[in-house]
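This report refers to the structure that appears directly beneath it.
Read from first to last, the chains carry the letters A, B, C and D; within each, the first residue is number 1.
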Amino acid sequence: MAHFKDFTVRYGMVIDLDKCTGCGACMMSCQAENNVAPQEDASNKLRALNWLKVYRLSNGKEYPEHETVFLPRPCMQCGNPSCVTVCPVVATDKNEEGGIVSQVTPRCIGCRYCMASCPYHARYFNWFDPYWPGDLKEALSPDVSTRPRGVVEKCSFCHHRFMKAKDKAIANGEDPLMLPEEAYQTACTEACPNGAIVFGDLNNPEHRVYELKQSPYAFRLLERLGTDPQVYYLSKREWVRRLGDNYLEQEETGKPLQTLLNNSH
Amino acid sequence: MEDKSKEVKPAKSCGCGFGPFLVGLVLALVIGWSVIPSLKLEEKKQPIAFNHTVHIENAGMACEDCHFLREDGTFNGLPDTASCASCHAEAITESEEEKRFINEYVVKGREIRNEWLVYQKQPDNVFFSHAAHSMERCGTCHTEFETTQQLCNVCHLDVASTTEPPVYKENRISTYSVNTMKMPECEACHANPGHYGTTNASNACFVCHK
Amino acid sequence: MQRRGFLKFALGGTVGLVASPAIWTTLYDLAYWTQNWGWIPRLQNGEDQSVATVSKLDGTPLKVRVNGGRVIRASGNKENEFSKGGLTPLAASEAQLLYCESRVKRPLKRGPDGGYAYIDWSEAERILKEKTKDAQGSLAFLTADASSSLNDVYSAFTAENGSQDFFFMPSDEQAANHAWRAMGGMGKIGYDIANSDCILSVGANFLDSWGTVAHNRAVFDETHPTDGSEAGQAIYYAGAMQNNTAAVADAWIPVKPGTEEIFLLGILGELAKNSLLVDPAISGLSAQYSPEAAAKACGCTAKQLENVVSALKNASRPLVFAGTAEGQSLGSGVHMLAIAINYMLGRINQDGGLVNLPEQAPLLPSAQSTADILERNFIAFCRQVADGSLAAPKLLFINDANPVYALSPNAKVQECFAKIAYKICFAAHWSETCAECDLVLPIAHGLERFDDVFTPYGSGSINWTLAKPVTEPHYQARPLGELIIALADELGLDLGVSDIPSLLEMRANALGADFQEYLESGATYQEANSAFTLPVISLMPLLTKKAPAKAPEFALHVYTNAAAGNPSTGIPPYANRAIADYQLQEGLCVAQMNKATAEKLGLADKTKAFVETQNGRMPVLVKLYEGIMPDTAAVMAGLGHTEFDRFSVNKGNNILQYTQIDMEAGSDLPVWSGAAKVVKG
Amino acid sequence: MDYSKPIDNALFPKGCERCSFTKFSLFMLIPAALLLWGVISAFVVLANGLGTTGLDDKFGFGLWITVDLAVIALGAGAFFTGLLRYILNIDELKNIVSFTAVVGFLCYTGAMFILVLDIGQPLRSWFGYWYPNVHSMLTEVIFCITCYCIVLIIEYIPLILEQRKFESNKFIQHLAHNFHVYMPLFAGIGAFLSTFHQGSLGGMYGVLFGRPYIFRDGFFIWPWTFFLYLLSAVSAGPMFSVLMVTLMEKITGKTLVSWKVKQLMGKIGGTMLIVYTIGKFLDSYAWVNSVLPRSGLTFDQMFTGFVYSSFWFYAEHIALVIGIACMALPALRKIPAFFYIGALVTCFSIVLNRFVMTVQALGIPVMPFENWQWYWANWAEWGAFALILGYSIVTLAVTYRYCPLFPQEAELNKK
């Protein structure tokens, strides 16, 4: 297995699920920001291409004990991405400062091995050529290339904004690797009217995510698979944290492997 | 392959020796090295036959007057109709091209920036940072560049001394300009381990792709 | 041996070709070609501009990115204190709505065969003038947007034409203002959400689509720190479904559709229990429903009701309000009760309570006041015209409203339309209502015109945000305000304003705000609520209220998806992905219900069924969801469009055409009824 | 000219009889129909994109990958028989080795064709060679399969060169002879390449640590999964070849390979099957007791409904036991009914394995708040399968009719 270097800058998110109302502003902004082609019919959710998808979670209990929580799922930008090692043509990689898993669609041959490998379904395939009917193509952003059919794409943490922020820092004689938090924010972060998404450099103590990720209420999705996601979630509700990962009945939330570790040591 | 089979009919070969082999070889080499590559290219002309020399030498303009880095770090690579019109709102020379520019662009409010053909045009998926490739940054170590123009000319055609724009050649299949830098040329610096550490310009995908 | 010679020649040729770059570079070229396919648009890059304005769809302050003259996308305006930069999903679609195929591109005139033909603007203007002249004194005007100062122009124009028939589309605002004024309120009813520390919302999805959403959510963000420290505002949501607001609320109290009044009565009764404030109206009312009886009728537990009351009592700045999904209404009763509860809590005209927003004088001499317009009831008008008890106007102007889609057949919109000689629709998007009009004129989209958002319903203070064009109008669209002013000029009517920017400047002056400054910054002007004049709230109107009807046995909860547009926009291009599979699937609207309900009805998950109302049967797909009350099914409104563009059509059915609209006794205000059945398909 | 014989009889292998050309042509209509279906679906897929298939974002892999994996396992008869015949000198196998090579050739070229359809950007398929990611198991598979495909072509060529028409041609005779001389070398290369890619195919799945249904790690990925896949292929491959021979015998009404040779193939396959079965059972045991609990999952959570029921899990394992009983126990193996049942259930188990590893693995909800999803291949995907089926039938039929595919045929069918 490939080894991924330690980045000095490692961008990540902390999403407060207790603040998400599931309105979809993040999804809408993401599509417009990243030139995702609109879909005439997106009711088949297995064919609906969205880099960021909002799930509706349930505590699994029947009415009236039931509770609902919304969970936005971008690409986790895993520290140990399962998709990168499997790509036969290096179309996806995790090798640039910032620790974002890159997806270069002109290199992608569309084998979909990465999609099979990603447990978060963060990767989407262009089943058909993108189409912007009428004058909708006028609203295409100059920042993100359009993708043809037959390639895989995914959330890039609005990586073009990182590039622009770095350029601006260079032009102003600042260090492009020590960006202040507000210099680089993703479209979904900016959009969220509830401030549920916090974005920044996980390694930088000046950024809010640095503290937030250490909260006792923080958890990551499917952590025990070893993907080491750079997206953290917060919830004060235990059932939500427990839904973040698979647990055996007797295991305690947040400490899945404790029994196993105890045995091995 | 088809061209070749047509050539065959005269059957000049006797069937012995290397003769036929050599004829085939030479013919294919000519076709492969010269005919096919030139067939692939389509020549295009710039919208206006812009004369760089006149602007620099006669008008005393500097490169940066039109090609400059904006404050937000983006690069103003091409002048727009408005900036040309700041001098050429009305004809100031006898030039036919100038007249045409004024009539076609200034008067009609057509944006010439959308029409200039860029010899180094990169495809949509490439993010090239002019800010990162500045004289202040590259020139620190690369003292061989005495002027900014020399640095620019590493990638760009040296158009500064031309009196009319070079012909723009576009590959009919790929729609790339022949002068476009391709990835191996970028990698000449980016994949050079010596650069990393000094410039942070690694060869990572997301350094250049968007 | 010719053949051998040829073989040698071919071999030589092959070697030569392989040794030349022809094949290999072509392989590359083909790969590059796949990145540059001609049928996929290439990017254009111009200079970037960021223009501050406000979304005319839901009042979200915006920064719009314009690149080389093209409108790229709308983002929130971080410098705006009112929204703090938040963006709603609907406002996020502004740029796409500007360019989408459903835009009305040129004036359209309906021919005798019912088909539409493009006409020139000059002809359109001629018809417009002629028809208006002919309809002197018999013009009706319907608009969807109650928050725009341009309504002064429209209502002045209507009045100058000798008519008072200027209408807003029915909404919560209408009912709430009716209640507010009936009980002694003088201006507009205001909800000071920003300063409240405990909110009980009955049915109002105020963190998603009700009121000043972007502002409400900025408040929610501020009062709910991400770092896990104590929240500064408790939220209780009472409604049929665990919706967006309920998902983040401290508690969800299930209240069956149609029992909102009973629930509020229960709260009132519980509050009255040990209260020193004794009012005959209250004691009379609360006698009708004990908290226990109310809880039972609503479907919640008495404990839940008591908990809410004790939270409200213990809070220092509690606020109670009621509402419905966008474009619906429950009549004035719920609002009266909510006002009474705030009164019991001592929350009238208090920081963080129900506040009286002083009435603003109309900007134009003949314009009608918003309060007066709100008193006018479009549904009652339609019904009266339809049944002949009111003479039909000769001419109807419709601005950006889509009553044909949004109102149930009970409202008799179609029958009313049939009696109106000429109908002109001013629309940015081709809607179901356009398809019923004789003349359809393309008007400027919200990003193409001067306009404003002035103290929209749900505000807690007088506030004002200016909209300015970020681009010239596309196609042949024209700003309606200017069009009406020009038309008035043609007809020799003096509206008292020369153009829209000067109208907006009048608004600025009336508020004492610097027009230029607000125009440039896109900031929201906010007036402090300090100088309150306490209105004398009278509970007397409550006395006339009859005991609310019992809950329907089975109820329909019709809700909206904030991303999926409104009746005037259709479904924005990107919104299809934000419509969940529990809202639309396999081309059918989804009816969500809980397991017990489904079992009772003999329905299983993911099976087809019908929603049955007096207006017919609508096919639905049943999906189980436990976050909904028993004997209740939730169906999303906003689907089933037949006009607009490819992103709106062929998506389920329009539930609004199946829901019943009743008239509230006494006020005659429309009440969206939840009475329905779900039967096996 | 002998008018009692088919018009093309001069081209038939020596001493072999064939049906009339008309009958043959009529028979060809079957594969022609399949090919037509296949060509239409291939055109639709290539012209419009993969949206025309039943695949989706959850099932990026479906019927095609299942077919690829299955035929590559079943086609393993080619390299394994070649290895035994040319390297280990089991002479008996010369009577079936050409046939296994042709079957292997068809399986591999078919798989390659489906892969070209399956990738979204076929024009970029060469990136796999030009920009390889050395960490990806798929890269290993691409390289090995391509190389091995070339080996299979080389193994196929002598069969054509032995066509009767070339009898008089000295050069071709000489060439064919040389091929035979060097065949052990190719067999060796083939065995080497196959060992790697058969193993890598297992690795391709095993490394997917985001999919607890198929994930294996530590010892159970290397060498365990690697050899497991290899063993599954070498046990099913020979049996599949025998089944194909028998199918051809049924169609032609002739005996093509002696029962003795079939028995030998069965014995070899059966022996391998024992090893595979032990490995598979241990692997399943380790999966249930290590991978699953570590992932926080239980055995029951991996199954649902009928298509994804644990019935198939048990069926896959029980089929192996039946296979062993039929193939490894001489008493049962000697009875044709048991012999063929044994071969069938073994192939069934392997194909089933490839199916669940592909489709079920993707259908399982990994995030606890997801739901199970189902996938059905549509007409276009089956069309591609029909295409390689049709192509295989044509190739086999033509090769059989005109080339000495079965050395024993003339002797076994003497009147």
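Odds and ends about this structure:
Throughout what follows, a residue touches a chain if its C-beta (ideal position, glycine included) is under 8 Å from a C-beta of that chain, and two chains touch if they have at least 3 such contacts.
Predicted model only: the values in this text are computed from it and were never measured.
If each chain is reduced to the average of its C-alpha atoms, the one that sits nearest the average of all protein C-alpha atoms is A. Comparing the centres of all chains, each the average of its CA atoms, the largest separation from chain D belongs to C.
When the interfaces A-C and C-D are ranked by how many C-beta pairs touch across them, A-C comes first. In whole angstrom, the spacing between the mean C-alpha positions of chain A and chain C is 31.
Between chain B and chain C, the centres computed from C-alpha atoms are 52 Å apart.
The geometric centre of chain C is 60 Å away from that of chain D, both derived from CA atoms. Residues of chain B in contact with two or more other chains: 72, 74, 123-125. Residue positions 48-49, 58, 90, 106-107, 129, 145-146, 148 of chain A each touch two or more of the other chains. Multi-chain contact residues of chain C (touching two or more other chains) are listed as 30-31, 33-35, 42-44, 46.
By the definition given earlier, chain contacts exist for A-B, A-C, A-D, B-C, C-D.
Residue ranges of chain A in contact with chain B, taken from their complex: 90, 93, 95-98, 100, 102, 104-107, 143-146, 156, 159-160, 163-164, 166-172, 176-177. In the complex of the two chains, the chain B residues touching chain C come out as 1, 4, 8, 11, 13-16, 18-29, 31-33, 36-37, 40, 72, 74, 76, 80, 111, 113-114, 123-125, 171, 173-176. Against chain B, in their complex, chain C makes its touches with residues 1-6, 8-17, 19-23, 25-26, 28-30, 32-33, 35-36, 38, 42-44, 46-48, 68.
The residues of chain A lying in touch with chain C in their complex are 14, 16, 18-25, 27-29, 31-33, 35-36, 38-43, 45, 48-50, 54, 56, 58, 61-70, 106, 129-130, 132-142, 145-146, 148, 187, 190-196, 198, 208, 211-212, 215-217, 234, 236.
Across the interface of their complex, chain A is touched by residues 31, 34-35, 37, 39-46, 65, 67, 70-76, 78, 83-89, 92-93, 95-96, 98-101, 103, 207-208, 213-214, 217-218, 220-221, 224, 226-228, 242, 244-248, 254, 474, 561-563, 572-582, 584-587, 594-596, 625-630, 645-647, 650-651 of chain C.
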